[in-house]
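Below you will find the structure I want to go over with you.
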Amino acid sequence: MRPSGRAPDQMRSIAIETNFTIHAEGSVLVSFGNTKVLVTASVEEKVPPFLRGKGQGWVTAEYGMLPRATHTRGSREAAKGKQSGRTQEIQRLIGRSLRAVVDMAKLGERQIVIDCDVIQADGGTRTASISGAWVALRLAVDKLIAAGSLTEDPIEDSVAAISCGIYQGTPVLDLDYDEDSVAEADGNFVLTGKGRIVEVQASAEGATYDEEGLLRLLRLARIGCTDIFAAQAKAAGR
Amino acid sequence: MRPSGRAPDQMRSIAIETNFTIHAEGSVLVSFGNTKVLVTASVEEKVPPFLRGKGQGWVTAEYGMLPRATHTRGSREAAKGKQSGRTQEIQRLIGRSLRAVVDMAKLGERQIVIDCDVIQADGGTRTASISGAWVALRLAVDKLIAAGSLTEDPIEDSVAAISCGIYQGTPVLDLDYDEDSVAEADGNFVLTGKGRIVEVQASAEGATYDEEGLLRLLRLARIGCTDIFAAQAKAAGR
Amino acid sequence: MRPSGRAPDQMRSIAIETNFTIHAEGSVLVSFGNTKVLVTASVEEKVPPFLRGKGQGWVTAEYGMLPRATHTRGSREAAKGKQSGRTQEIQRLIGRSLRAVVDMAKLGERQIVIDCDVIQADGGTRTASISGAWVALRLAVDKLIAAGSLTEDPIEDSVAAISCGIYQGTPVLDLDYDEDSVAEADGNFVLTGKGRIVEVQASAEGATYDEEGLLRLLRLARIGCTDIFAAQAKAAGR
Amino acid sequence: MRPSGRAPDQMRSIAIETNFTIHAEGSVLVSFGNTKVLVTASVEEKVPPFLRGKGQGWVTAEYGMLPRATHTRGSREAAKGKQSGRTQEIQRLIGRSLRAVVDMAKLGERQIVIDCDVIQADGGTRTASISGAWVALRLAVDKLIAAGSLTEDPIEDSVAAISCGIYQGTPVLDLDYDEDSVAEADGNFVLTGKGRIVEVQASAEGATYDEEGLLRLLRLARIGCTDIFAAQAKAAGR
Amino acid sequence: MRPSGRAPDQMRSIAIETNFTIHAEGSVLVSFGNTKVLVTASVEEKVPPFLRGKGQGWVTAEYGMLPRATHTRGSREAAKGKQSGRTQEIQRLIGRSLRAVVDMAKLGERQIVIDCDVIQADGGTRTASISGAWVALRLAVDKLIAAGSLTEDPIEDSVAAISCGIYQGTPVLDLDYDEDSVAEADGNFVLTGKGRIVEVQASAEGATYDEEGLLRLLRLARIGCTDIFAAQAKAAGR
Amino acid sequence: MRPSGRAPDQMRSIAIETNFTIHAEGSVLVSFGNTKVLVTASVEEKVPPFLRGKGQGWVTAEYGMLPRATHTRGSREAAKGKQSGRTQEIQRLIGRSLRAVVDMAKLGERQIVIDCDVIQADGGTRTASISGAWVALRLAVDKLIAAGSLTEDPIEDSVAAISCGIYQGTPVLDLDYDEDSVAEADGNFVLTGKGRIVEVQASAEGATYDEEGLLRLLRLARIGCTDIFAAQAKAAGR
């Protein structure tokens, strides 16, 4: 029995509220149950130094957690003067996941910066971030297309992410904090709308797992992502 | 004529939504027009080193702005590895303003940390932060009282803040970004519910001002704070 | 009775020793009683990136306190690896105060950097810094004029600063450390030679104050600045 | 055809030279072809703050790359003043992988710190690090057992890691730099001697992959780890 | 011919003004010609962690240069966020030089922190710092003795330092900036009042030197230090 | 009697293994007894900003010590976020020593970066670094000559370094850790193949020394460097 009473293959309710803020070219508040992340996509008409003059664009991401997004207050990374290893790991994953479905040549020599800021955390902040980020990116690109800045759509597929893990011996979908903190294994799966895999990160925590376990987690992830793709499409008006 | 069409002594609409997040002992989303700040109050059963064993409490504050809270994306302070002088100046002001109305002996040997994170900026983020912070603090203290952790209420008065400035030669109340960026003078006033002054910070920007100007700004501030005190009382259920 | 025996509206003795060091275009050792600050003005034939090519100049300031300027040794900011919030707040105030009386277009595309280093502290280091900085700036600009680099004087007015506060219920002028550390309210006032206000920063410390209190502090500040303007004029040979 | 002429399921030659340095309780120079990593295990009779007094131990890891371990010189992280996100990601993976096979209660209240420093890089530095680290850890624990500091062996299984990826459409084992830099997908697999999975991290790079692709990589990883387990056993004298 | 017209073995005029500031237990303004350093000695009734409970004291030093102590303004180390290698090298030398003549057991479990801040630089700032620091230390220890905190004098000898170098082929004493910037070799010599050597640091700059050259520099240093010892004795009232 | 049983003027065995790594233009593993340093020379076709366009080259050095190169593990500088004063002092000495024998005009507008990373420490890491660095530099320059990038050899002499000190009253050559940690005086001497002095750094540690002592250390250094020059010549194939 899961703490939340959910079935093993049951997602939390997903909500993607678009245009949550007014300045960003794309912005959403994405919720996976009590996990809430504000995601913005900012278009910048420049690229990082290593890409200058190459006629292609870039998509990158930054991630942060508000100090009291969590049960007990964590220290503010800006005050500590550095981002934790966990933060960097997550923001690298978000950027990589989005780049996997964007044709950088079609994007042209501009950069889209995704900011994922966790307002409230209850497990799965990185997967909610990726799932929301795709919508924010979609909205920002739609504006570029509408403005005539882009003639071809550089987004080739949708991308969503979900966590799955082994909780008390059972593979379960979309772990919340109560499950995540005691799970025997914990995986994050990034999938595309066409059913391809972008990234699998599955770690044993206190126990190891086997190939069958990995496949069961992956299959749960496919179930969850189906729901997310539907929510994304609706939010993006597609 | 103000860009927003407001009268010189007209505030933007104020909203203070309580319990915006679930983990913090006190939390509000405070809006002054398009400026939106998420404020949380976190109770910690410890005090900073310089107060240990002195039988009194502490209230402190941290401030941050999400990278795309603004018209163009600013860099993330956590990524840059330090808080700007502006950020530090603001968070010091917030902490000082709240401490002016709290009896630290009555609070007991515990600390309340206020986090003000700007979700969307349109001028006046520091005054919205202070005004919302008082409500978050009030809610957190109410929980301590309800739980029997406090026998006496350590909050002696309410506190609110508003910006006033001289825009195109006219003193105006509650500057938004369009006004703030070109104002000849810009002041932040922190007042208490009983009509006392906690802090005045009034800077010339490109032009100097005189005593009469200062007093006119202060009188506008009193008008604005009356509205804020009402919104605070309603939000705090007082 | 003030600890120093001074009358409530009595300044400490002011001294402004010019050309205290040999390399800087302008340099003074400014003393407000036992508070001593070495101020230098350095002319640089370049401007910060945000002003390049705009045909105007810039004045900025940095502030520091020698570790043993104070009663007990403080840690060295260079060794700690960062400037405190207090330091940044002060240096921003110094820069803003000077810029209020300089016509940046007349200064031309060059920068004047003011360095205020506190040799000995006894309260009022920021106001002594501003007051001395104007003289250092004046000397540096005079050299530019003498050298023919400037054809018009970009300095439009003089600027001075003084602290006033409420000590044991009485408004007093030019607080020294003994007063400052226990004052109920503490304000810094930056005024121009023509009687205009550049900046007011008045904070309650443990007690709040009212409009009448603010005005009494401002009037004391005018008295004090009169003395400072005289000392500045004499030092600057005007 | 692979650049090195290897068959798709062919590892590079593996060497694990023990006692490469004299001071560490365990030390090895591990080579996967031209990738060479110096790994040391240091026993410290203390634990991190969060574990104090809990009667259990800890295993953690740090990773670094010498500036000229690579084709062109990279900047020195100590000189830049921070570890990159990549470095932090890798050292977190190494620590997690080792902890998966250690019984912390049996280790007692002591910490073993693993240092992995890449002397020469040609792809696969993180997997060589994990594989070598297990031997260094084994040697250090053997010393603790020989000295009577441990009565039970806290190491429950061996652990090894290998990269696999899709190179020009073909799944291949143990990517070297020439392959790694252009692979369509790149995975790191951490397996135990008993055949269990500790961690899978498989990322698409420019192309996505499918479940069959993931399984083929995992199967290649099993082949490679068989070789590594043999080399580990021989090096550790088991 | 030296730029200053001095004879090869001629020092600049030395001045050591005691009690330059009021708070420090010992303070001097030391001048070697146009080089001026403010040195304070601060007594702290604690020792660094590595000495706690060992019944002995410590003497350490920090060094800084005001941004406009030099011909052109240098950046402020506190603002840059780190001390340069040069700064660290110098402050380590100052501390080592003083510790060579102090009996740490006699000092008791307390620390004396020397701060050397260069007000104006014209070559030889580190040697002026060491020479002045001994006087500041002497004054601070005299106060401890006078107060009865010390029963035995922990200072066993005086210590002074001077630079010598090879300028246009000729060994010269006490290099000023004009010489220092083009000298073929540059040495700093730290000697004791009893004629012993504490430290020799002699570097070729563009040319190498030989044993005879080293000895000639050392002999010049003895000449210079004789003057400094006399100035120190007079300043310290000995 | 020395702890190692060596005669006072006896070096430890020296080994210089060339081409220890494959990527660097020059690389050696240099051993002075148990002290082992990996040194690489990297050629970069650019110069630091202060030399751009001046038609001359630069040689610089960085130094690091692996955390467990020492008896007990030291913290990793990259993780702490800064290089220690000792590290900076050493890397500045290495760079200066090499530059003393290189004609920068002949090197052309390129930079050679020397990295010295201590694999295992037993005293004398900086002198082993300098001695090995010359060989790495020699190998890198030989490649530039062989490739036709240089027409004249910019290396004018060889350079080697050795430590000497006073151990239990006796001057001894090439201190190992057991001697170094208790020596009364400790000097590092950098000499050229033609018998010239590049740098002398001789510090008293707990005792002072005299001119005769300095000369005896210098003479021992000459003996030691003779051995090192022979090892360098052999390693460099000269």
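Letters A, B, C, D, E and F name the chains as they come in the text, with residue numbers starting at 1 for each one.
Please note the rule applied: a contact is a pair of C-beta atoms (placed from the backbone, for glycine too) under 8 Å apart; a residue touches a chain by one contact, two chains touch by 3 or more.
If you want to know which protein each chain is, UniProt gives these names: A, B, C, D, E, F = Ribonuclease PH.
Keep in mind that this is a model prediction, so the values were computed, not measured.
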| item | value |
| --- | --- |
| Number of steps on the shortest touching-chain route linking chain B (Ribonuclease PH) and chain F (Ribonuclease PH) | 3 |
| Same-site or different-site touching of chain B (Ribonuclease PH) by its copy chain C (Ribonuclease PH), using the half cut | same |
| Farthest-lying chain, centroid of Cα atoms versus that of chain B (Ribonuclease PH) | F |
| Fitted rotation between chain B (Ribonuclease PH) and its twin chain D (Ribonuclease PH) in degrees, CA, nearest 5 | 120 |
| Chain centre separation in whole Å, for chain D (Ribonuclease PH) relative to chain A (Ribonuclease PH) (CA means) | 28 |
| Length of the line joining the C-alpha centres of chain B (Ribonuclease PH) and chain E (Ribonuclease PH), rounded to whole Å | 50 |
| Geometric centre distance via CA averages, chain E (Ribonuclease PH)-chain C (Ribonuclease PH), whole Å | 33 |
| Shared interface positions of chain A (Ribonuclease PH), touching two or more other chains | 81-82 |
| Topology of the chain contact graph, where touching chains are joined (line, ring, star, complete, other) | ring |
| Sequence of touching chains round the ring, chain A (Ribonuclease PH) onward through chain D (Ribonuclease PH) | A, D, F, E, C, B |
| Residues on chain B (Ribonuclease PH) engaged by chain A (Ribonuclease PH) in the complex (per definition of touch) | 21-24, 27, 34, 36, 38, 40, 42, 44, 62, 64, 66-73, 76-79, 81-83, 87, 113, 115, 117, 119-121 |
| Residues of chain A (Ribonuclease PH) defined as touching chain D (Ribonuclease PH) within the complex | 82, 85-86, 88-89, 91-92, 96, 100, 157, 187, 192, 195-204, 206, 208-211, 213-215, 218 |
